[in-house]
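Look at the two complexes coming up: chain A is in both, with chain B in one and chain C in the other.
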Partner chain A sequence: MPLPLYYFLSITAVNILLSWALYLPYRVAHLHFITVANMAISGYSAAWLVMSLHVPFGWALLAGFALGALVGWIVALFIGDAPTFAVVIVGFTFIFIVRTVIENLPAVGATMGIFGLPNIGGNPETHRWVIMAILAGMLLLTGFFLHRFDHSRLGRAASAVFVDKDLAASLGVNIKGLGMLVQTVSCTIAGGTGVLYGFIYKSFHLDFFTFALVGIAMTIIFVGGYATPWGTVVLAPILYGVPLLFPPAIQEWRIVIYGGVLVIVLVLKPEGFITRRFVATMESFLSGSRKKRNILTKEEL
Partner chain B sequence: MKKTLGVLIVAALLLGVVGCQQPAPKEWTIPFLNSLTGAIASIGEYLEWGAERAAKEINDAGGIKGKPVKIVGVDTALDPQKGSTEMARLVKDTLVALGPVPEPVIMAAMPIAVENGMPSLTATTSLEYAQKFFPWTVSWFPSTQDRLAPLVAAWGKQFPDMKQVVQFVENYGPWPGMADAHAAGLEGLGIKMLDKVEVPSDAVTFGPLVVKALSEKPDGVVFVCKPASAAKLIKELKNRGWKKMDHLLLFSSADAPDLYSTGGKDLNGAEIYNYINPGLDSPRWNAFKQAYAESHNGEQPPSLSTNYYDAVYMIKDAIEKTGVTGSPSKLKAERKMIADYLQNAKGFHGIMFDWDMKDGVPTNKPTFIFKVQDSQKVLVQEIK
Partner chain C sequence: MQELIAQVINGLSLGSIYVLLVTGFNLLLLVAMIIHFSYPQVVVFSMYITWLVLRVTGNNLPLGVIAGVASSVLINLLSAPLFQKVMAKREQVDINSTMVLSMGIGMIITDVLSHSFNGGLAIAFPDNLAGDTAIVRVGLISIVSGQIWSLAVGIVSVALFFLLLYRTRPGRAFRAIAEDPNGARLVGIPILRTGLYSYALTGVLGGIIAVLLSMLLGAAYPGLGEQVAHKVLAVSIIAGLGNLAGGLVVGLFLGILEAIVQGYVSGSWSNAIAFVIMLVVILVKPKGLFGTKL
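Up next is the complex of A and B:
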C-alpha cells in the first residue's frame, strides 16, 4: 500500500471513529469531549504496557478499550443525566486534568512523550496492514452498532431525549441509564481509537490530544450532519483529504477556507449536509422501495 | 562471429542499464516541513526565510554542483495528522528534507523518514528529541545537561549575593528538562533552588504566579516559558518592587520578537542566554541582518532564524563532499551518504561560527549570555 494512502486512510479512520464517539452521546444532546481525554488515557496506558512491561500489542489494545469503558462508566455515574452544558464543562476539565497528570508522569515520558513504539508484527509493512485491518474492523463494527442503535427502541428513545428530556422521561425513558450507556460506549470507542492513533505515529505526545482534535471532530459532525453517522463518513475524508490536494499557495489559506465553509454551512444548512431524510431517501432509492416515511422527528427534519 | 555477438550483447546490456537510469534533476529541491499556518506561523515564517536566504546565496554563487537549489515550503500547520501525511508523500522520492517543526509534528512524522531512510534535518529541537531519529537527522544542540548546567552556572557566578533562585517553568516538551539542567548548574555553585512555579500554557494573568514566587524570597529568577509569558512575568515582578534586573535570566526559547514587543523597556537589564551572537561583526552575518531587516520592517533576525540557513549550507556541503548526484536511481544510497556525512561533518562554516558534528551532535558550539537593553542584546560573556 502506498505510504501516503496508508496515512490518509488510517488517520481518516481515526477521525471517523473519534467523531462517532462524539456522535453517539450527542444523540442524547451530550457533547462528551471526555472522549479526547480517554484517547490519551488509553493510548498512553497501552504504550506504557507495550514499552515498559512488554505486553503484546493485542492485549494492550484490549486494555485500552477496557480502560476507556471503565473511565467512561465511572464518569457517567455522575453525569449520565446531566445537562449538555455540564457535560461539556466536565469534558474540557477532564482534558486539562489528564494533560496535567501525563505532564507529570515520567513513566510515560511526561512533557517529552513516548518514542519508538515497536512495529506490530515485527516490520513496518505488517504493522501498517495490522493497523489498517483493525481500523477497518472497528469502523465496520462501530458503524453497524450505530446503525442498529439508531434503528432500535434505544435510538428512538435517544431522539426523544434529544428533543425534550422531560417529555422523554414522562414516556418512561430511563434518561440516566440511556445517558450512561451512550457515554460508556463512546468512551470505549475513544479508548481503542486512542491506542491506534499513537501506534499509527509510533509515538505519543500530549499535543496529539489537544482541543484541535475536538475541533476536527466537531467540524466533521456538524458540517457532515449530526443526526446520522453517515455525515461523518462523508465529511471526514473530505475535510482531511481535500486540503492535502491544495497547492502550497492555497494551503496557507486553509484555515480561512475551513472557517468560511463552516460559517456558510451553519447559516444555510445548520443540520449539516447529510440528514436523516437524505439517508432515508437514499435507502429507499437503493432498495428500489417507494415506501415513504411520513413521520420524522424534529431532529430528523 | 561469437565474439562480435558477445560484444553486441554486452553493449546492449550496458545501454539498457544506462537507458534505465533516470537522469539527475535539473535543480536540487529541498522540501521544508514547516508550520506556516497556525499558532507558530510567525516562527515558521522566519525559519523558512532563513532557508530561502541560504538558497538564494547559494544560487547567486552558482548553485550546488552547478545546479540551483530550491526550498519548497510544506505546511504542516502544527498538526501531527497533516505532518505525517506530508512526510509520507515526501519520502517516496526526496533526497533530503528540512524539518519538521515543532516537536509534536517531529514525533508523528520523523518515524516515517527513519523507516524510509530519508535524512531530514530537525534544526530547532533539542538533542533529546533529535537523537531518537539518528542517523536520519542531526541535533543542532548538544545535550541539555552538558550545555545548560555550565552556562547557567556562569550566569550565577556573576552574583555572589545570589543565594536562592526560583524558576518559572512551563510544561512543554524539553522545557522541564532544561529547567532541571539550570537547577543542576546553580546547585553546583551552592545556590539553593526554590520550588518551581508552573506557568500554565494558557495563563492570562501572571500576578498570582509572581506573588507565589516572591513568597519564597528568591534572590534570582530563571524563566523557562513562552516569550510573551516571560515578559509579562517580568512586568509583574517590577510592579511588585523587583530591582535586581540582572538577577533575572531568560532561557533561549524566550528570545523571540514577542518577548521584546511585550516586555519593552521593562526588560532592560535582564539577562538572556542563546546560541547566536547578533553583535557579531562579519560580512556574511551583516548581510543576513540587513536582508532580514529589509524584508521584516527593520527588525533584527530572531535567534532561530539562522538554524535552517545553516542547515541548507550543511546539505550543500554534504552533496558536494560526498559525490551525490541526485539521480533518482541512486536515491537510497545517496540518502545514506548524506546522512552519514551530516552525522560527522567537520569544520562546518556556520553563519556565526565553525563547528564539528560527532555522531549527530555538535561538539564545539559556543553559547552566549546577554544583557537586554532597549530590546537589543548586549554581550555579557561567551561560554565554550
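Up next is the complex of A and C:
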C-alpha cells in the first residue's frame, strides 16, 4: 500500500473513531473531551507495555481499551449527569493534567516522546495492512453499535435527554445511568483509537494529543451533523483530504479554515449537513419503503 | 515566611486578574446569555495587539493600551451578531451551542496568533509596560512595578465594575435581565441593546485585563488563551455559573493557590496541581460551591 494512501486512510479512520467517541456522549448533550486525554493515556500505556515489558501488540491494544473504559467509568461516576459545561471543563482539565504528567515522566519519553515502536507482523508493509485491518474492524463494529444504539430504546431515551432533560427524567429515563453508559463506551473507543493512532506513526509524541485535535473532532461533528453518525463518515475524509490538495502555505492555516467553517456552519446551518431527516429520506429511498417517523433534533422539528 | 508573603502578594495580583476575567465571562453569560469560552483568547489577542502597537510606535504606552482595549471591544462587537444569530436560529437561548461557536472563534484566534505574530514564538513586553525592576526588596521578598500596578489597577477595576453593576442604572438593567429576562422586557428594558452594551463593556474589561496580564506576566504566547480559558471556566463552575460574588472569592483563591504552588513546586507541575484541585472540586460539586444563578 502506498504510504500517502495509508496515512490518508488510517488518519481518516482515526478521525472518524474519535468523532464517534465524541458523538455518542453528545447524544445526551455531553461534550466529552476527556476522550482526547484517554487516547493519550491508553496510547502511551500501550507503547510502554510494548517497548519496556515486551508485551505483544494485541494484548497492549486490549489493555488500551480496558484502560480507556476504566478511566471513563471512574470519571462518569462523578459527571454522568453533570451539565454540559462541567463535562467540557472536566475534559479540558484532564487533557492538561495528562499532558503535564506525560511531559514529566521519563518512563514514557517525557517531552521527547516514544519512538521506534516495532512493526506489527515484522515488516513495514505487513504493519500497515494489520493497522488498516484493525481500524476497518473497529469502524465496522463501532458503526454497527452506534446504528443499533440510535435505533434502540436507549437511543430514543438519549434523544429525549438531549431535547429536554427534565422531561426525560419525568418519563423515567435514568439520566445518570445513561450518561455513564455513553461516557464509558466513548472512552473505551477513544482508548483503542489512541493506541492505534500512535502505532500508525510507530511513535508517540505530546503533539499528537493537543487541543487542536479537539477542534478537528468538533468541526467534523458539528459541520457533518451531530444528530447522526453519518455526518462524521462523510466529513472526516473531506476535512482531512481537501487541505492536502492545497499548497503547503495554505495547509498551514487548516485549523483557521476548520474554525471558520465551524463558525459559518453553526451560524447558517446549526444542525450540520447530514441531518436525521436526510438520513431517513435516504434510507426510505434505498429501501423503497415509505418514510419512517424519526425523532428529530430541535432544529429539524 | 518571607517567600510565602511574596507569593501571596503575587497571588493577589494574579487573582484580581482572574476575578476580572470571570466577572466579564459571567456578565456575558447573565446578560447576553452566552458561554463565551474564548473570552480569554480575545484578551490574549488584545495583548498581542498591544505588543504590536508598542513595537511599531517605539513603546508608546498610551497608544498601546488604547489599541489593546479597542481590539478587544471590536472583536466582542463583531462576534455579537454571530451569537445572536445562533440563538435566533434555535428560537431560544441555547448556552451549549454558543459555547461551541465560541470555541470555534477561539480556534481561529489561537491559530492566527501562532502564525501571524513573531513567527509563532512567545512575545515579550517592553520594560516600560512590564516593569521588571524591583521597587521593594525585603529579604526574599521582591516586588516589581508590574505586580504593584496590576494589583492596584485590578482591585480598582473590580471595585468599579461591581459599583457599576450594583449602583448604576445600566448595572441594574444588566442584573434585571440576568434575574428575569421576560420581567426586564416588561418593565421596558431594551434586551438587545443592553445585551450589546454587555459585549462592549466586557470588551473594555478584556482590554484592561490584557494590559494587566502584560504587566504581570511580561510575556505571552498563542496557547496562553486556551490555558486561561480553562481556568476561567473552571473558576466559574466552581463558584457557580453566573455567581459574581462566588467568582470574586474563587478567582482570588485560585490566584493565591497558583502563586503558592509555583513558589514551592518546580516546572510545569505547578499549573497541573492547580488544575487537579479544580478538577476534584468540579467532580465532587459539578454545579458549583456557591450555587448557579442560571
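Throughout what follows, the second predicted complex is superposed on the first by the 278 of 301 C-alpha atoms of A that agree within 3 Å, B and C clash if a C-alpha of one lies under 4 Å from a C-alpha of the other, contacts with A are read in each partner's own complex, and residues count from 1 in each chain.
Here is the rule we use: contacts are C-beta pairs under 8 Å (C-beta built on N, C-alpha and C of every residue); 3 or more make two chains touch, one makes a residue touch a chain.
Keep in mind it's a predicted model, so treat the numbers as computed, not measured.
**Student:** State whether chain B and chain C clash or fit side by side on chain A once the two structures are superposed.
**Tutor:** On the superposed model, which is not a single observed complex, chain B and chain C clash.
**Student:** Answer with first, second, both or neither: which of chain B and chain C does A:280 touch in the superposed model?
**Tutor:** A:280 sits against neither chain B nor chain C.
**Student:** Would you check which partner chain A:203 touches, where first means chain B only, second means chain C only, and both and neither mean what they say?
**Tutor:** After superposing on A, A:203 lies in contact with chain B but is clear of chain C.
**Student:** Taking the superposition on A as described, I'd like to know which of chain B and chain C A:62 touches: first, second, both or neither.
**Tutor:** Once the two structures are laid over each other on A, A:62 reaches no partner at all.
**Student:** Quick check for you: in the superposed arrangement, does A:8 touch first (chain B), second (chain C), both or neither?
**Tutor:** Touch partner of A:8: chain B, not chain C.
**Student:** Looking at A:103 after the superposition, I want to know if it touches chain B, chain C, both of them or none. Which is it: first, second, both, neither?
**Tutor:** Both: A:103 reaches chain B and chain C.
**Student:** Tell me the contact category for A:238 with respect to chain B and chain C: first, second, both or neither.
**Tutor:** neither
**Student:** Where on chain A do the contacts with chain B and the contacts with chain C coincide?
**Tutor:** Common interface on chain A, chain B vs chain C: 103-104, 212, 252, 255.
**Student:** Any idea which chain A residues touch chain B in the complex?
**Tutor:** Listed in rising order, the residues are 2-4, 6-8, 11, 15, 103-104, 110-113, 115-116, 124, 200-208, 212, 216, 240, 243-244, 248, 251-252, 254-255.
**Student:** Any idea which chain B residues touch chain A in the complex?
**Tutor:** Spelled out, the residues of chain B in touch with chain A are 36-38, 72-75, 77, 79-82, 84-86, 88-89, 91-92, 103-104, 107-108, 111-112, 115-116, 128-129, 132, 171-177.
**Student:** Inside the complex, what are the residues of chain A that reach chain C?
**Tutor:** Within the complex, chain A touches chain C at residues 29, 31, 75, 78-79, 82-86, 88-90, 92-94, 96-97, 100-101, 103-104, 211-212, 215, 218-219, 222, 252-253, 255-256, 258-260, 262-263, 266-267, 270, 298-299.
**Student:** For chain C, which residues are in contact with chain A within the complex?
**Tutor:** For chain C paired with chain A, touching residues are 35, 37, 82, 85-86, 89-90, 94-97, 99-101, 103-108, 110-112, 115, 223, 226-227, 230, 233-234, 237, 241, 267-269, 271-272, 275-276, 278-279, 282-284, 286-287.
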